[in-house]
Amino acid sequence: MFLGKVIGNLVASRKHEDLQGVKLLIIQPLNHRRLPVGPAIVAVDSLRAGPGELVFLEDGREASFTLPNTFVPVDAAVVGIVDQIDVTDGKGYNKNQES
Amino acid sequence: MFLGKVIGNLVASRKHEDLQGVKLLIIQPLNHRRLPVGPAIVAVDSLRAGPGELVFLEDGREASFTLPNTFVPVDAAVVGIVDQIDVTDGKGYNKNQES
Amino acid sequence: MFLGKVIGNLVASRKHEDLQGVKLLIIQPLNHRRLPVGPAIVAVDSLRAGPGELVFLEDGREASFTLPNTFVPVDAAVVGIVDQIDVTDGKGYNKNQES
Amino acid sequence: MFLGKVIGNLVASRKHEDLQGVKLLIIQPLNHRRLPVGPAIVAVDSLRAGPGELVFLEDGREASFTLPNTFVPVDAAVVGIVDQIDVTDGKGYNKNQES
Amino acid sequence: MFLGKVIGNLVASRKHEDLQGVKLLIIQPLNHRRLPVGPAIVAVDSLRAGPGELVFLEDGREASFTLPNTFVPVDAAVVGIVDQIDVTDGKGYNKNQES
(Lines give C-alpha, C1' and ligand atoms only; values in the text may rest on other atoms or scores of the structure.)
Protein backbone atom coordinates (compact mmCIF):
# COMPACT_ATOMS: atom_id res chain seq x y z
CA MET A 1 0.00 0.00 0.00
CA PHE A 2 1.08 3.61 -0.27
CA LEU A 3 0.27 6.99 1.22
CA GLY A 4 -1.71 9.60 -0.64
CA LYS A 5 -3.57 12.86 -0.25
CA VAL A 6 -7.08 13.47 -1.47
CA ILE A 7 -6.79 16.34 -3.98
CA GLY A 8 -10.10 16.14 -5.78
CA ASN A 9 -12.89 14.08 -7.19
CA LEU A 10 -14.14 12.88 -10.52
CA VAL A 11 -17.62 12.78 -12.00
CA ALA A 12 -18.49 10.45 -14.87
CA SER A 13 -21.98 9.72 -16.07
CA ARG A 14 -20.91 7.25 -18.77
CA LYS A 15 -19.04 4.54 -16.90
CA HIS A 16 -18.95 0.80 -16.37
CA GLU A 17 -22.27 -0.18 -14.77
CA ASP A 18 -20.60 -1.63 -11.67
CA LEU A 19 -19.16 1.80 -10.89
CA GLN A 20 -22.60 3.41 -10.54
CA GLY A 21 -22.78 5.08 -7.14
CA VAL A 22 -19.11 4.47 -6.38
CA LYS A 23 -17.23 7.54 -5.14
CA LEU A 24 -14.16 8.35 -7.23
CA LEU A 25 -11.34 10.45 -5.80
CA ILE A 26 -8.27 12.06 -7.35
CA ILE A 27 -5.35 11.06 -5.14
CA GLN A 28 -1.77 12.33 -5.15
CA PRO A 29 0.53 9.51 -4.02
CA LEU A 30 3.02 10.62 -1.34
CA ASN A 31 6.13 9.21 0.28
CA HIS A 32 6.44 8.88 4.05
CA ARG A 33 7.59 12.51 4.30
CA ARG A 34 4.40 13.41 2.47
CA LEU A 35 6.13 14.61 -0.67
CA PRO A 36 4.47 13.82 -4.03
CA VAL A 37 5.50 10.62 -5.80
CA GLY A 38 4.50 10.30 -9.45
CA PRO A 39 1.24 11.36 -11.05
CA ALA A 40 -2.16 11.56 -9.38
CA ILE A 41 -4.41 8.53 -9.72
CA VAL A 42 -8.14 7.79 -9.55
CA ALA A 43 -9.29 5.61 -6.63
CA VAL A 44 -12.55 4.38 -5.21
CA ASP A 45 -13.39 5.36 -1.66
CA SER A 46 -15.88 3.83 0.71
CA LEU A 47 -14.47 5.55 3.83
CA ARG A 48 -15.66 9.06 2.94
CA ALA A 49 -12.20 10.59 2.94
CA GLY A 50 -12.33 14.37 2.58
CA PRO A 51 -10.22 16.83 0.59
CA GLY A 52 -6.69 17.17 1.94
CA GLU A 53 -6.89 14.07 4.13
CA LEU A 54 -3.89 11.76 4.35
CA VAL A 55 -4.97 8.25 3.43
CA PHE A 56 -3.38 4.98 2.43
CA LEU A 57 -4.35 3.06 -0.62
CA GLU A 58 -4.25 -0.33 -2.14
CA ASP A 59 -3.81 -0.95 -5.83
CA GLY A 60 -4.48 -4.15 -7.67
CA ARG A 61 -7.10 -6.83 -7.82
CA GLU A 62 -7.90 -6.49 -4.13
CA ALA A 63 -9.13 -2.90 -4.46
CA SER A 64 -12.58 -4.19 -5.32
CA PHE A 65 -12.74 -5.96 -1.97
CA THR A 66 -13.64 -2.56 -0.52
CA LEU A 67 -16.85 -2.49 -2.57
CA PRO A 68 -20.09 -4.44 -2.11
CA ASN A 69 -19.60 -6.09 -5.51
CA THR A 70 -16.05 -7.44 -5.71
CA PHE A 71 -16.06 -8.27 -9.43
CA VAL A 72 -15.80 -4.66 -10.45
CA PRO A 73 -13.16 -3.19 -12.77
CA VAL A 74 -11.36 -1.01 -10.22
CA ASP A 75 -7.69 -1.24 -9.28
CA ALA A 76 -7.13 1.38 -6.58
CA ALA A 77 -8.97 2.01 -3.34
CA VAL A 78 -8.62 4.10 -0.21
CA VAL A 79 -8.29 1.50 2.57
CA GLY A 80 -7.64 3.78 5.56
CA ILE A 81 -7.39 7.33 6.78
CA VAL A 82 -4.12 8.00 8.57
CA ASP A 83 -4.21 9.18 12.19
CA GLN A 84 -0.53 8.91 12.95
CA ILE A 85 2.79 7.89 11.41
CA ASP A 86 5.93 7.34 13.48
CA VAL A 87 9.18 7.04 11.59
CA THR A 88 12.71 6.39 12.78
CA ASP A 89 14.34 8.71 10.27
CA GLY A 90 12.55 12.00 10.71
CA LYS A 91 9.42 13.82 11.67
CA GLY A 92 6.28 11.73 11.78
CA TYR A 93 2.68 12.78 11.34
CA ASN A 94 -0.19 13.29 13.72
CA LYS A 95 -3.53 14.21 12.24
CA ASN A 96 -4.56 16.26 15.27
CA GLN A 97 -1.39 18.33 15.25
CA GLU A 98 -1.54 19.35 11.60
CA SER A 99 -2.08 23.05 11.10
CA MET B 1 -7.18 3.87 -12.05
CA PHE B 2 -5.67 6.67 -14.07
CA LEU B 3 -6.70 9.35 -16.51
CA GLY B 4 -6.05 9.10 -20.22
CA LYS B 5 -6.91 10.56 -23.58
CA VAL B 6 -8.05 8.57 -26.57
CA ILE B 7 -5.45 9.25 -29.27
CA GLY B 8 -6.15 6.49 -31.74
CA ASN B 9 -7.17 2.95 -32.43
CA LEU B 10 -5.59 -0.31 -33.41
CA VAL B 11 -6.63 -2.92 -35.95
CA ALA B 12 -5.38 -6.49 -35.74
CA SER B 13 -6.76 -9.36 -37.76
CA ARG B 14 -4.49 -11.97 -36.20
CA LYS B 15 -5.24 -11.84 -32.49
CA HIS B 16 -6.25 -14.01 -29.58
CA GLU B 17 -9.69 -15.42 -30.36
CA ASP B 18 -11.28 -13.87 -27.27
CA LEU B 19 -10.39 -10.43 -28.62
CA GLN B 20 -12.50 -10.86 -31.77
CA GLY B 21 -14.92 -7.94 -31.96
CA VAL B 22 -13.33 -6.12 -29.03
CA LYS B 23 -12.56 -2.45 -29.71
CA LEU B 24 -8.92 -1.54 -29.09
CA LEU B 25 -7.90 2.06 -28.40
CA ILE B 26 -4.54 3.79 -28.20
CA ILE B 27 -4.60 5.78 -24.97
CA GLN B 28 -2.15 8.39 -23.71
CA PRO B 29 -2.11 8.28 -19.88
CA LEU B 30 -2.42 11.73 -18.29
CA ASN B 31 -1.99 13.23 -14.84
CA HIS B 32 -4.74 15.25 -13.18
CA ARG B 33 -3.57 18.38 -15.03
CA ARG B 34 -3.99 16.37 -18.23
CA LEU B 35 -0.30 16.29 -19.05
CA PRO B 36 1.09 13.10 -20.61
CA VAL B 37 2.53 10.49 -18.24
CA GLY B 38 4.64 7.75 -19.81
CA PRO B 39 4.04 5.96 -23.09
CA ALA B 40 0.69 5.35 -24.76
CA ILE B 41 -0.97 2.02 -24.07
CA VAL B 42 -3.53 -0.22 -25.76
CA ALA B 43 -6.85 -0.64 -23.93
CA VAL B 44 -10.18 -2.29 -24.59
CA ASP B 45 -13.25 -0.09 -24.63
CA SER B 46 -16.87 -1.03 -24.30
CA LEU B 47 -18.08 2.55 -23.65
CA ARG B 48 -17.50 3.81 -27.19
CA ALA B 49 -15.09 6.55 -26.19
CA GLY B 50 -14.23 8.82 -29.11
CA PRO B 51 -10.98 10.42 -30.26
CA GLY B 52 -9.78 13.13 -27.88
CA GLU B 53 -12.10 12.17 -25.06
CA LEU B 54 -10.83 12.22 -21.48
CA VAL B 55 -11.41 8.83 -19.90
CA PHE B 56 -10.25 6.88 -16.90
CA LEU B 57 -8.86 3.42 -17.12
CA GLU B 58 -8.23 0.37 -15.10
CA ASP B 59 -5.25 -1.87 -15.59
CA GLY B 60 -4.81 -5.36 -14.28
CA ARG B 61 -6.78 -8.54 -14.02
CA GLU B 62 -10.05 -6.67 -13.56
CA ALA B 63 -9.92 -5.06 -16.99
CA SER B 64 -11.62 -8.09 -18.46
CA PHE B 65 -14.61 -7.50 -16.17
CA THR B 66 -15.66 -4.88 -18.70
CA LEU B 67 -16.08 -7.55 -21.39
CA PRO B 68 -18.77 -10.20 -21.83
CA ASN B 69 -16.16 -12.96 -21.43
CA THR B 70 -14.05 -12.21 -18.36
CA PHE B 71 -11.36 -14.83 -19.00
CA VAL B 72 -9.78 -12.85 -21.78
CA PRO B 73 -6.12 -11.84 -21.98
CA VAL B 74 -6.55 -8.08 -21.61
CA ASP B 75 -5.07 -5.90 -18.89
CA ALA B 76 -6.32 -2.38 -19.55
CA ALA B 77 -9.83 -1.07 -20.07
CA VAL B 78 -11.63 2.23 -20.32
CA VAL B 79 -14.01 2.21 -17.35
CA GLY B 80 -15.48 5.70 -17.61
CA ILE B 81 -15.65 8.88 -19.63
CA VAL B 82 -14.87 11.95 -17.52
CA ASP B 83 -17.49 14.68 -17.22
CA GLN B 84 -15.84 16.74 -14.53
CA ILE B 85 -12.80 16.85 -12.27
CA ASP B 86 -12.52 19.16 -9.28
CA VAL B 87 -9.12 19.53 -7.71
CA THR B 88 -7.97 21.50 -4.68
CA ASP B 89 -4.63 22.48 -6.20
CA GLY B 90 -5.50 24.02 -9.51
CA LYS B 91 -7.84 24.22 -12.42
CA GLY B 92 -10.24 21.34 -12.78
CA TYR B 93 -11.95 20.04 -15.88
CA ASN B 94 -15.44 20.26 -17.24
CA LYS B 95 -16.24 18.43 -20.43
CA ASN B 96 -18.83 20.94 -21.52
CA GLN B 97 -16.52 23.91 -21.09
CA GLU B 98 -13.66 22.51 -23.13
CA SER B 99 -13.00 24.41 -26.27
CA MET C 1 -1.71 -3.77 -23.17
CA PHE C 2 1.26 -2.27 -24.91
CA LEU C 3 2.97 -2.34 -28.29
CA GLY C 4 6.16 -4.22 -28.92
CA LYS C 5 8.45 -5.53 -31.61
CA VAL C 6 9.69 -9.09 -31.84
CA ILE C 7 13.47 -8.85 -31.64
CA GLY C 8 14.44 -12.41 -30.90
CA ASN C 9 13.71 -15.67 -29.20
CA LEU C 10 14.87 -17.62 -26.19
CA VAL C 11 15.69 -21.29 -25.80
CA ALA C 12 15.68 -22.95 -22.40
CA SER C 13 15.87 -26.68 -21.83
CA ARG C 14 15.63 -26.45 -18.04
CA LYS C 15 12.35 -24.67 -17.36
CA HIS C 16 9.12 -25.02 -15.46
CA GLU C 17 7.34 -28.10 -16.81
CA ASP C 18 4.26 -26.12 -17.87
CA LEU C 19 6.46 -24.14 -20.25
CA GLN C 20 7.48 -27.18 -22.29
CA GLY C 21 6.64 -26.53 -25.92
CA VAL C 22 5.71 -22.89 -25.31
CA LYS C 23 7.34 -20.43 -27.70
CA LEU C 24 9.28 -17.68 -25.94
CA LEU C 25 10.02 -14.39 -27.67
CA ILE C 26 12.25 -11.46 -26.80
CA ILE C 27 10.12 -8.36 -27.21
CA GLN C 28 11.11 -4.72 -27.18
CA PRO C 29 8.20 -2.65 -25.81
CA LEU C 30 7.39 0.39 -27.97
CA ASN C 31 5.29 3.52 -27.66
CA HIS C 32 2.67 4.43 -30.25
CA ARG C 33 5.37 6.09 -32.40
CA ARG C 34 7.20 2.74 -32.27
CA LEU C 35 10.10 4.08 -30.21
CA PRO C 36 11.58 1.75 -27.56
CA VAL C 37 10.20 2.03 -24.03
CA GLY C 38 12.23 0.37 -21.28
CA PRO C 39 14.06 -2.94 -21.45
CA ALA C 40 13.14 -5.92 -23.59
CA ILE C 41 11.00 -8.59 -21.97
CA VAL C 42 10.31 -12.30 -22.49
CA ALA C 43 6.78 -13.19 -23.61
CA VAL C 44 4.93 -16.31 -24.67
CA ASP C 45 3.46 -16.36 -28.15
CA SER C 46 0.79 -18.60 -29.59
CA LEU C 47 0.18 -16.44 -32.68
CA ARG C 48 3.47 -17.27 -34.41
CA ALA C 49 4.67 -13.69 -34.58
CA GLY C 50 7.82 -13.36 -36.64
CA PRO C 51 11.02 -11.33 -36.19
CA GLY C 52 10.42 -7.60 -36.62
CA GLU C 53 6.64 -7.83 -36.43
CA LEU C 54 4.71 -5.19 -34.51
CA VAL C 55 2.55 -6.87 -31.90
CA PHE C 56 0.62 -5.94 -28.79
CA LEU C 57 1.05 -7.69 -25.52
CA GLU C 58 -0.64 -8.32 -22.28
CA ASP C 59 1.19 -8.61 -19.00
CA GLY C 60 -0.16 -10.02 -15.79
CA ARG C 61 -2.14 -12.99 -14.64
CA GLU C 62 -4.19 -13.09 -17.81
CA ALA C 63 -1.20 -13.84 -20.03
CA SER C 64 -1.68 -17.53 -19.35
CA PHE C 65 -5.18 -17.32 -20.85
CA THR C 66 -3.41 -17.50 -24.21
CA LEU C 67 -2.09 -20.98 -23.43
CA PRO C 68 -3.91 -24.33 -23.33
CA ASN C 69 -3.10 -24.68 -19.61
CA THR C 70 -3.99 -21.44 -17.82
CA PHE C 71 -2.28 -22.22 -14.52
CA VAL C 72 1.17 -21.65 -15.90
CA PRO C 73 3.76 -19.27 -14.45
CA VAL C 74 3.87 -16.77 -17.29
CA ASP C 75 3.09 -13.06 -17.07
CA ALA C 76 3.46 -11.69 -20.58
CA ALA C 77 1.92 -12.82 -23.85
CA VAL C 78 1.57 -11.63 -27.41
CA VAL C 79 -2.18 -11.18 -27.87
CA GLY C 80 -2.28 -9.72 -31.37
CA ILE C 81 -0.27 -8.77 -34.44
CA VAL C 82 -0.87 -5.18 -35.48
CA ASP C 83 -2.22 -4.46 -38.97
CA GLN C 84 -2.89 -0.79 -38.56
CA ILE C 85 -2.72 2.04 -36.03
CA ASP C 86 -4.42 5.38 -36.55
CA VAL C 87 -3.48 8.20 -34.22
CA THR C 88 -4.72 11.75 -33.93
CA ASP C 89 -1.33 13.21 -33.09
CA GLY C 90 0.93 11.99 -35.82
CA LYS C 91 1.75 9.36 -38.36
CA GLY C 92 0.04 6.05 -37.86
CA TYR C 93 1.11 2.61 -38.99
CA ASN C 94 0.03 0.27 -41.73
CA LYS C 95 1.65 -3.11 -41.94
CA ASN C 96 1.35 -3.31 -45.71
CA GLN C 97 2.95 0.09 -46.28
CA GLU C 98 6.04 -0.57 -44.21
CA SER C 99 9.24 -0.67 -46.21
CA MET D 1 9.88 -10.02 -3.66
CA PHE D 2 12.17 -7.23 -2.59
CA LEU D 3 14.23 -6.16 0.40
CA GLY D 4 13.16 -3.42 2.76
CA LYS D 5 13.86 -1.84 6.10
CA VAL D 6 11.24 -1.15 8.73
CA ILE D 7 11.32 2.61 9.27
CA GLY D 8 8.07 3.22 11.10
CA ASN D 9 4.47 2.35 11.64
CA LEU D 10 1.07 3.72 10.81
CA VAL D 11 -2.04 4.13 12.95
CA ALA D 12 -5.48 4.47 11.37
CA SER D 13 -8.72 4.23 13.27
CA ARG D 14 -10.91 4.69 10.19
CA LYS D 15 -9.98 1.87 7.86
CA HIS D 16 -11.45 -0.99 5.92
CA GLU D 17 -13.00 -3.39 8.42
CA ASP D 18 -10.82 -6.30 7.36
CA LEU D 19 -7.76 -4.31 8.41
CA GLN D 20 -8.85 -4.08 12.06
CA GLY D 21 -6.09 -5.46 14.23
CA VAL D 22 -3.65 -5.78 11.32
CA LYS D 23 -0.21 -4.27 12.00
CA LEU D 24 0.83 -1.69 9.41
CA LEU D 25 4.48 -0.81 8.88
CA ILE D 26 6.24 1.91 6.94
CA ILE D 27 8.89 0.17 4.86
CA GLN D 28 11.73 1.65 2.82
CA PRO D 29 12.46 -0.66 -0.14
CA LEU D 30 16.19 -1.40 -0.53
CA ASN D 31 18.40 -2.97 -3.16
CA HIS D 32 20.74 -5.87 -2.35
CA ARG D 33 23.38 -3.39 -1.13
CA ARG D 34 20.75 -2.05 1.23
CA LEU D 35 20.48 1.32 -0.47
CA PRO D 36 17.01 2.92 -0.74
CA VAL D 37 14.99 2.24 -3.90
CA GLY D 38 11.99 4.47 -4.52
CA PRO D 39 9.52 5.79 -1.96
CA ALA D 40 8.55 4.11 1.30
CA ILE D 41 5.44 1.93 1.22
CA VAL D 42 2.87 0.66 3.73
CA ALA D 43 2.85 -3.10 4.35
CA VAL D 44 1.08 -5.52 6.65
CA ASP D 45 3.21 -7.57 9.00
CA SER D 46 2.37 -10.74 10.84
CA LEU D 47 5.99 -11.58 11.74
CA ARG D 48 6.43 -8.79 14.30
CA ALA D 49 9.32 -7.16 12.50
CA GLY D 50 10.89 -4.40 14.58
CA PRO D 51 12.21 -0.94 13.67
CA GLY D 52 15.38 -1.07 11.60
CA GLU D 53 15.07 -4.75 10.76
CA LEU D 54 15.92 -5.94 7.26
CA VAL D 55 12.96 -7.82 5.83
CA PHE D 56 11.73 -9.04 2.47
CA LEU D 57 8.31 -8.29 1.15
CA GLU D 58 5.77 -9.44 -1.30
CA ASP D 59 3.49 -7.12 -3.19
CA GLY D 60 0.37 -8.07 -5.06
CA ARG D 61 -2.65 -10.21 -4.58
CA GLU D 62 -0.75 -12.77 -2.56
CA ALA D 63 0.06 -10.34 0.26
CA SER D 64 -3.23 -11.19 1.90
CA PHE D 65 -2.17 -14.83 2.14
CA THR D 66 -0.16 -13.74 5.19
CA LEU D 67 -3.36 -12.77 7.03
CA PRO D 68 -6.04 -14.99 8.60
CA ASN D 69 -8.62 -13.57 6.18
CA THR D 70 -7.22 -13.72 2.64
CA PHE D 71 -9.89 -11.59 0.97
CA VAL D 72 -8.59 -8.39 2.44
CA PRO D 73 -7.64 -5.27 0.44
CA VAL D 74 -3.89 -5.32 1.10
CA ASP D 75 -1.17 -5.52 -1.52
CA ALA D 76 2.12 -5.59 0.39
CA ALA D 77 3.28 -7.83 3.21
CA VAL D 78 6.43 -8.64 5.12
CA VAL D 79 7.05 -12.31 4.36
CA GLY D 80 10.38 -12.83 6.10
CA ILE D 81 13.06 -11.29 8.29
CA VAL D 82 16.50 -11.55 6.73
CA ASP D 83 19.23 -13.39 8.64
CA GLN D 84 21.84 -13.47 5.95
CA ILE D 85 22.46 -12.48 2.34
CA ASP D 86 25.39 -13.77 0.30
CA VAL D 87 26.13 -12.05 -2.98
CA THR D 88 28.70 -12.72 -5.66
CA ASP D 89 29.33 -9.08 -6.44
CA GLY D 90 30.09 -7.49 -3.10
CA LYS D 91 29.63 -7.51 0.62
CA GLY D 92 26.71 -9.55 1.89
CA TYR D 93 24.75 -9.15 5.09
CA ASN D 94 24.67 -11.04 8.37
CA LYS D 95 22.16 -9.94 10.94
CA ASN D 96 24.39 -10.93 13.85
CA GLN D 97 27.37 -9.01 12.56
CA GLU D 98 25.58 -5.71 12.06
CA SER D 99 26.79 -2.97 14.36
CA MET E 1 8.83 -12.35 -17.98
CA PHE E 2 12.28 -10.85 -17.82
CA LEU E 3 15.89 -11.92 -17.83
CA GLY E 4 18.03 -11.96 -14.73
CA LYS E 5 21.27 -13.22 -13.28
CA VAL E 6 21.59 -15.11 -10.03
CA ILE E 7 23.83 -12.97 -7.83
CA GLY E 8 23.24 -14.47 -4.41
CA ASN E 9 20.90 -16.05 -1.96
CA LEU E 10 18.98 -15.13 1.15
CA VAL E 11 18.53 -16.94 4.44
CA ALA E 12 15.62 -16.17 6.74
CA SER E 13 14.65 -18.28 9.72
CA ARG E 14 11.65 -16.13 10.66
CA LYS E 15 9.41 -16.18 7.59
CA HIS E 16 5.90 -16.96 6.48
CA GLU E 17 5.29 -20.65 7.17
CA ASP E 18 4.55 -21.44 3.53
CA LEU E 19 8.08 -20.34 2.64
CA GLN E 20 9.73 -23.01 4.81
CA GLY E 21 12.09 -25.01 2.64
CA VAL E 22 11.68 -22.70 -0.34
CA LYS E 23 14.97 -21.58 -1.92
CA LEU E 24 15.31 -17.79 -2.13
CA LEU E 25 17.67 -16.18 -4.62
CA ILE E 26 18.92 -12.64 -5.10
CA ILE E 27 18.44 -11.85 -8.78
CA GLN E 28 19.68 -8.90 -10.79
CA PRO E 29 17.19 -8.18 -13.60
CA LEU E 30 18.88 -7.72 -16.99
CA ASN E 31 17.89 -6.50 -20.44
CA HIS E 32 18.41 -8.61 -23.56
CA ARG E 33 22.00 -7.36 -23.80
CA ARG E 34 22.48 -8.62 -20.25
CA LEU E 35 22.93 -5.18 -18.74
CA PRO E 36 21.41 -4.53 -15.29
CA VAL E 37 17.90 -3.07 -15.16
CA GLY E 38 16.77 -1.65 -11.83
CA PRO E 39 17.44 -3.05 -8.37
CA ALA E 40 18.00 -6.71 -7.49
CA ILE E 41 14.96 -8.65 -6.34
CA VAL E 42 14.26 -11.77 -4.26
CA ALA E 43 12.77 -14.73 -6.14
CA VAL E 44 11.88 -18.33 -5.37
CA ASP E 45 13.61 -21.02 -7.37
CA SER E 46 12.66 -24.62 -7.86
CA LEU E 47 15.03 -25.19 -10.81
CA ARG E 48 18.26 -25.07 -8.76
CA ALA E 49 19.74 -22.18 -10.68
CA GLY E 50 23.33 -21.56 -9.66
CA PRO E 51 25.32 -18.36 -9.03
CA GLY E 52 25.96 -16.41 -12.22
CA GLU E 53 23.43 -18.31 -14.31
CA LEU E 54 21.24 -16.43 -16.76
CA VAL E 55 17.60 -17.17 -16.01
CA PHE E 56 14.19 -15.78 -16.84
CA LEU E 57 11.64 -14.92 -14.24
CA GLU E 58 8.00 -14.39 -13.75
CA ASP E 59 6.58 -11.86 -11.34
CA GLY E 60 3.05 -11.70 -10.08
CA ARG E 61 0.41 -14.03 -8.79
CA GLU E 62 1.55 -16.86 -11.01
CA ALA E 63 4.97 -17.11 -9.38
CA SER E 64 3.52 -19.45 -6.78
CA PHE E 65 2.51 -21.87 -9.53
CA THR E 66 6.15 -22.98 -9.46
CA LEU E 67 5.76 -24.22 -5.88
CA PRO E 68 3.97 -27.32 -4.55
CA ASN E 69 1.59 -25.08 -2.56
CA THR E 70 0.23 -22.38 -4.86
CA PHE E 71 -1.38 -20.22 -2.18
CA VAL E 72 1.91 -18.89 -0.94
CA PRO E 73 2.83 -15.20 -0.59
CA VAL E 74 5.52 -15.05 -3.26
CA ASP E 75 5.51 -12.83 -6.33
CA ALA E 76 8.66 -13.68 -8.26
CA ALA E 77 10.00 -17.01 -9.45
CA VAL E 78 12.72 -18.37 -11.70
CA VAL E 79 10.83 -20.17 -14.47
CA GLY E 80 13.70 -21.19 -16.74
CA ILE E 81 17.46 -21.26 -17.20
CA VAL E 82 18.51 -19.70 -20.49
CA ASP E 83 20.47 -21.83 -22.98
CA GLN E 84 20.40 -19.47 -25.90
CA ILE E 85 19.07 -16.09 -27.01
CA ASP E 86 18.99 -14.97 -30.63
CA VAL E 87 18.30 -11.32 -31.30
CA THR E 88 17.94 -9.39 -34.53
CA ASP E 89 19.66 -6.27 -33.22
CA GLY E 90 22.94 -7.49 -31.86
CA LYS E 91 24.90 -10.26 -30.28
CA GLY E 92 22.87 -13.06 -28.79
CA TYR E 93 23.81 -15.44 -26.03
CA ASN E 94 24.80 -19.07 -25.92
CA LYS E 95 25.39 -20.66 -22.55
CA ASN E 96 28.02 -23.02 -23.84
CA GLN E 97 30.05 -20.28 -25.50
CA GLU E 98 30.28 -18.05 -22.46
CA SER E 99 33.81 -17.68 -21.14
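Note that the chains take the letters A, B, C, D and E in the order they are written out, and that residue 1 is the start of every chain.
The criterion applied here is as follows: a contact is a pair of C-beta atoms (placed from the backbone, for glycine too) under 8 Å apart; a residue touches a chain by one contact, two chains touch by 3 or more.
Please read all numbers here as calculations on a predicted model, not as lab measurements.
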{"item": "Number of hops, subunit A to subunit D, where each hop joins two touching chains", "value": "1"}
{"item": "For subunit B and subunit C, chains touching each", "value": "none"}
{"item": "Angle of the C-alpha superposing rotation, subunit C to subunit E, to the nearest 5 degrees", "value": "70"}
{"item": "CA centroid of subunit B to CA centroid of subunit D, Å", "value": "33"}
{"item": "Chain centre separation (subunit D, subunit E; CA means) in Å", "value": "20"}
{"item": "Junction residues of subunit C - those touching two or more other chains", "value": "60-61"}
{"item": "Pairwise touch network: line, ring, star, complete, or other", "value": "ring"}
{"item": "Ring walk, subunit C to subunit E and onward", "value": "C, E, D, A, B"}
{"item": "Subunit B - residues contacting subunit A, complex", "value": "1-3, 29-32, 37, 46-47, 56, 58-63, 65-66, 70, 77, 79-89, 92"}
{"item": "Subunit B - residues contacting subunit C, complex", "value": "7-16, 18-19, 24, 26, 28, 38-43, 51-52, 60-61, 64, 71-76"}
